[in-house]
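Look at the two complexes coming up: chain A is in both, with chain B in one and chain C in the other.
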Partner chain A sequence: MKSGKKRREWLGGFYVVPAMALLIMLLIIPLLYTVYCGFFQYKYMMKGNYVGLDNYIYCLTDSTTRNAFLTTLLVTIAATVISIVVGLILALWIDKRGGFFAYIIELIGLVPWVISMVVAGLLWRWLFNGDLGLFNVILKFFGLDPIYVIQNKVSAVIALIFVMSWRTIGYAMILILAGLKGLDGSLLEAAKVDGATAVQSLFRIKLPLIKSQVLLATIVLTVSNFTNNTVPKVLTSGGPVNATNVITLEQYNLSFIYYEFGKSSALSVLIMLVVTIIIACYIKVARYEI
Partner chain B sequence: MKNVKKLLAMALSGTMVLSAAIPAFAGEEAVVRMWTFLDPTNTSNGRSVALAQMIEEFEADNPGVKVVVEPQDYTTMTAKFLAATVTGDAPDIIWCARDELSGVLDAGALEPLENLFLSEWAEEDIADIDDAFYRFGERDGKHYVLSLSKNAIVLYYRADLLEEAGLEVPTTFDELVTVAEALTGEEEETGMKRYGLGQCFSTQNADSPLLANYIINEQGSLFAEDGTANWANEAGVAAMEWTKSTVESGITPMECLNTSGEDTVTEFEAGKYAMFPLGAVRVPTIKDAASFDPNAVQIAEIPGGCILDGWFVGVWSGSENKEMAGKFLEKMYTKESDKLWVELGGQAPVRKSTMEEIELNESNAYLQVMLDAFTDGWFVPNNMGFIGWKFDLNGAVQEMLGNGAEPMTALENAAANFNSANGR
Partner chain C sequence: MKRETKTKKYVMKTVEIAFAAIFGILNLLPIFWGVVTSLKNPREINAFPPKILGFLPTIEHYEKILSSGFFRCIINSVVYAGLAIALGVLLGYLAGYGFARRNFPLKKLAFFLIVVGIPLSTGSSVLLIPNYMYLMNLKMANHWFTMPLIYTAYNLPMATWLLISGIKAVPGELEEAALIDGANQRYIVTRLIPPLVKPSIAAAALFIFIGAWNDYITASVLVTGNELKNIQMAIYDYMGFFGQEWGPLTASATCAVIPILLVFTFLGKQLVSGLTAGAVKG
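Now for the complex of A and B:
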């Protein structure tokens, strides 16, 4: 009996070996190698001198990197909040209304999430184009002056937040909607019988019960927005004057423009740490058990 | 039932392990891998079609050898190659960008071509390809690359608009402004605003800006002897003031501040600009995509001489197929292939003898401009790395136009960035 159990455990371990091997090869080894590279000068992928924490200190003290980090925080927080709030509103509306129209809205909302980020970035870049873009054609039609969205420091940041939110609203909506669909209807009925208003039902029953879905959407979107390189690169290229230079673009510049792989490795490790801290904070605050 | 499940699970695990090993035994074919931005399956691009034909001929001449092109994004291709040399997965043949070549040579990532085929070439063959591009790939008396898609940043202009306005092609920076001013206005048919001079100041995707030509025109180079940036000076400030004037006078739109090189190309094709600077190799594709008479697309040298560019093709020093890779590189450089690059790809020839045989007419007159540019043009030095200078200069323009920084301050910051990034 005992040996049968041991054999089953051994077999279980054997079955997960391929998956573990892949994880170690694709995740753990590159991660450790990145940490290792962060301690060396790596110009043109040539291993140079051991520099200790110099690359990390550079990343923490360089003003461009610091500004990029602050821009990333702003864009991430704004885009995530907008996505969750709008996604929640849409999910509540779809849940209440149902029917064909709601189904269509659901589908439309999901399209930006499933299309390629490069395509989405290019689409909006051309829609916002100064003289040839649809946005200014519409403004002109109404007799308004054109707005050079991508070329202005403030509007470029707003455009970036807008496009990143537009991309993720559908995802938040679907996840929250799944939570709402799974709610026990008898709870809401009981609340109604007890005289609870719609607002009270929302804040006292629905939201607490879909906390896990909202939290999951928030974590996924925060990480996705924080590490998003494609949309900023295609939409605004970090400009003008570094106004939309997010941390992943800075990392890209260090790697692929300046070939400073040691510094970019250090920056990658720091980004990973920040993302890990953000996730840990979310889980702690929401007391969500994985 | 339980045993069947166990058996199935073990069979699946075994299959996974085996599937990883199978490719090593599959087929006896020798494969030559090449990284380039060209995709031989793209039948709408002349250069790709030419490359596909060369591959077909090479494979027919060398049974059992397969050339596999893995198309790459040209902006990150060289960096990826360097990374791949470390992991041992680099392609046998690589197309290196100009500014990164020095770093690739420093890394010892390329095989001297003398070891593969150049030492067997006759003197007249060498003389046939010996020019500034050939010498650019030389280090310590050995040649590591051959140049393909030889390029020069030239001024594209619409001959129809110049003719209509009775203007000549500008030959100085002042004339450039005058002509651009005359061509700025509204398209009669479409009502679309047309600007005389398109420029792009992106810090991520851009060819060298006119600002650089201006500085080279003034002082001969962008860099000092020791490789440091040499633009935070009088010539640099004059170039910045000139750039500023093009935007303030409205011949270049302010939106160029954050426009990429590719945006400018598309906008020119749509008729938004009368003139703009770009690599001459793009003439055929721009003619194809132009929304106006394609014969109106012409090129001229930029005042003061063009900045030379191109792709430098070499064989990875760690390749297990060096000999065959060298053979294919040599194939891409034969007289027959040179004709294909010219006739199908619309490229400037790499051999002087090919040029002698070309009959110039209206449709390929741009080749002469390219050849003139190759003679008069300026090359980034190849004795050390010069990375990021285009983006640093564009960053200075963004600082000046977007943040109102003084030209000298913006140039000093850009110089500091460049020197720091290049370890000087």
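Now for the complex of A and C:
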């Protein structure tokens, strides 16, 4: 009887085999294959000589790549911080309100996240467009000079950060709200009875208790912003003059414009390393159990 | 004293409504303005000041894009998403059942792959070059099944994750009772559990749909040609093709947004709970 049960448990492994096979085939093996490709010279898809770490050295020393990395760092940090701070404020606000009102705000907040990045990029590009875009129409209405947002180096970066934060504020809000909803109400009640002010209970009770929720949202958004190439590609196409050329666009260009697949493989591995570090933090914070 | 608190309350309420209004406008304005633009004729689009309402709506831009192969791309996206949902829900459900109910060798490692897979495939551009090189060399790119398989793989970790927590919530005694009543394992997996985890299945399907329907970058490198192009690729290509003609561009964007917003309106609750439902242990 006991061995029968054990056998049943063993056979239970077969339930996960198809899913695992697909994930190993399309997520794990390609990643390992890229690590291998990064050590070779490529002419388009033709594998050339083994070049050791040359591709990696190129990626780490090339000034365009380095600038792209710095741009990515700036955009990622700025967009993530804005999303988390605004998302946190919104979550605290609608948690207090609750009910149907809160549900509507949640839904409206998620709209930018559920529509595609191509569509979001395109629509904002239209709003920021030269003289006809709504943004400049509004500026003109108030008697201000138009700003050609996408054509100007500084404003293009700001626009990119703005659109990336716009996309994820609602998402951050939902994740943080889940933490707030899980709070023990009696704790806050007790603090109130003891004479704690609203500010005190916010900083001493609420925030410390939802710390890991906020941290997780931060990590997820960091990965997503760091590896986002669709929004910059559609909104600014990396311009003007490489001002918004983020690392994933550089990786794309290396592959599909310069056909340097050895170098782009090495760059992919480097990006993957950064993402792996972030995911390691994620697993540590999430403390998954099975 | 009492009056003062009343005024204060009034002010707070006004501030709150203003805040909600700004939030709503910022979030919905791009879509609203896109729809409005798509319904104007070119002269109205170039008019200053632009009319918000009170122009004669026209569907000429929609006719223009539909006559230039856009419909085929919509169908492609529907097929890709449909296949990915079917395969993803099936594999995710089976895996979810295995993880929730059985102890098998290497279970921890397999679960680790699911957990790592979620953030890894959110940033699917990490996998862009790897999958391009790999699938090109295997001659697996540029087929009708390329994108459905990729979308299934990218969204399977999340789908499995949602189904694990769904199946775990079904009491184990139910299965034991069914076994005692003479039901076999196949009955339990195919008939007993699925109706009980409908919300999780809906949430999994929803996430796969959003992932598959909205993807641009992966499809843009893995498939070429009008026969395989998806809707997002078509919109991006129009940006090069139509340039500053915002009429057809916003019309194509509107077409891409409508199904997402429809699904979102009806299954919004599933989406919100899917995002949060035990996604993390605090």
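To be clear about the criterion, the second predicted complex is superposed on the first by the 267 of 290 C-alpha atoms of A that agree within 3 Å, B and C clash if a C-alpha of one lies under 4 Å from a C-alpha of the other, contacts with A are read in each partner's own complex, and residues count from 1 in each chain.
Following the convention adopted for this analysis, contacts are C-beta pairs under 8 Å (C-beta built on N, C-alpha and C of every residue); 3 or more make two chains touch, one makes a residue touch a chain.
Everything numeric here is computed off the predicted structure, so don't read it as measured data.
Colleague: Should chain B and chain C be called a clash or a fit once both complexes are overlaid on chain A?
Modeller: By the criteria stated at the top, chain C and chain B clash after superposition.
Colleague: Let me test your reading of the model: by the given contact rule, A:V85 touches which partner, first (chain B), second (chain C), both or neither?
Modeller: A:V85 contacts neither chain B nor chain C.
Colleague: Does the superposition put A:G238 against chain B (first), chain C (second), both, or neither?
Modeller: first
Colleague: Scan A:K153 for contacts with chain B and chain C and give back first, second, both or neither.
Modeller: In the superposition, A:K153 contacts chain B only.
Colleague: After the superposition on A, what does A:Y259 contact: first (chain B), second (chain C), both or neither?
Modeller: So A:Y259 only meets chain B here.
Colleague: What is the contact status of A:L53 with respect to chain B (first) and chain C (second): first, second, both, or neither?
Modeller: In the superposed model, A:L53 contacts neither chain B nor chain C.
Colleague: State whether A:T248 touches chain B only (first), chain C only (second), both chains, or neither.
Modeller: second
Colleague: Please determine whether it is chain B or chain C that touches the greater number of chain A residues.
Modeller: In the superposed model, C touches more residues of chain A.
Colleague: If you stack the two complexes on chain A, which partner ends up touching A:V220: first (chain B), second (chain C), both, or neither?
Modeller: Once the two structures are laid over each other on A, A:V220 reaches chain C alone.
Colleague: By the touch definition at the top of the document, which applies to A:L132: first (chain B), second (chain C), both, or neither?
Modeller: both
Colleague: With the two structures laid over each other on chain A, which partner does A:Y15 touch: chain B (first), chain C (second), both, or neither?
Modeller: It touches chain B and chain C both.
Colleague: Based on the superposition described at the top, state which of 81-89, 135-143, 153-161 or 261-269 belonging to chain C clashes with chain B.
Modeller: 135-143
Colleague: Would you tell me the residues on chain A in contact with chain B in one complex that are also in contact with chain C in the other?
Modeller: Shared contact residues on chain A (touching chain B in one complex, chain C in the other): 11, 14-15, 18, 45, 129, 131-132, 233, 255-256, 261.
Colleague: Across the complex, what residues on chain A touch chain B?
Modeller: Going by the criterion above, the answer is residues 11, 14-15, 17-18, 43-46, 125, 129-132, 148, 150-151, 153, 156, 233, 236-243, 249, 253, 255-261.
Colleague: Quick check: in the complex, which residue numbers of chain A touch chain C?
Modeller: 8-16, 18-20, 22-31, 33-34, 37, 45, 90, 93, 97, 101, 105-112, 114-120, 122-124, 126-127, 129, 131-132, 134, 137, 140-141, 166, 170-171, 174-175, 177-179, 181-182, 210, 212-213, 216, 219-220, 223-224, 226-230, 233-234, 248, 251-252, 255-256, 261, 264-265, 267-268, 271-272, 275, 278-279, 282-283, 285-290
Colleague: Within the complex, which stretch of chain B touches chain A?
Modeller: 6, 9, 13, 16-17, 75-76, 79, 82-83, 85-86, 100, 103-104, 106-107, 192-193, 202-205, 253-260, 263, 267, 270, 272, 385, 387-388, 391, 398-399, 402-403, 421, 423
Colleague: Contact residues on chain C for chain A in the complex?
Modeller: These residues of chain C touch chain A: 16, 19-20, 23-24, 26-31, 33-34, 37, 45-46, 48-50, 91-92, 94-95, 97-99, 101-108, 110-111, 113-117, 119-137, 149-150, 152-154, 156-157, 160, 210, 213-217, 221, 232, 235-236, 239, 244, 246, 249-250, 253, 256-257, 260-261, 264-265, 268, 271-272, 275-276, 279-282.
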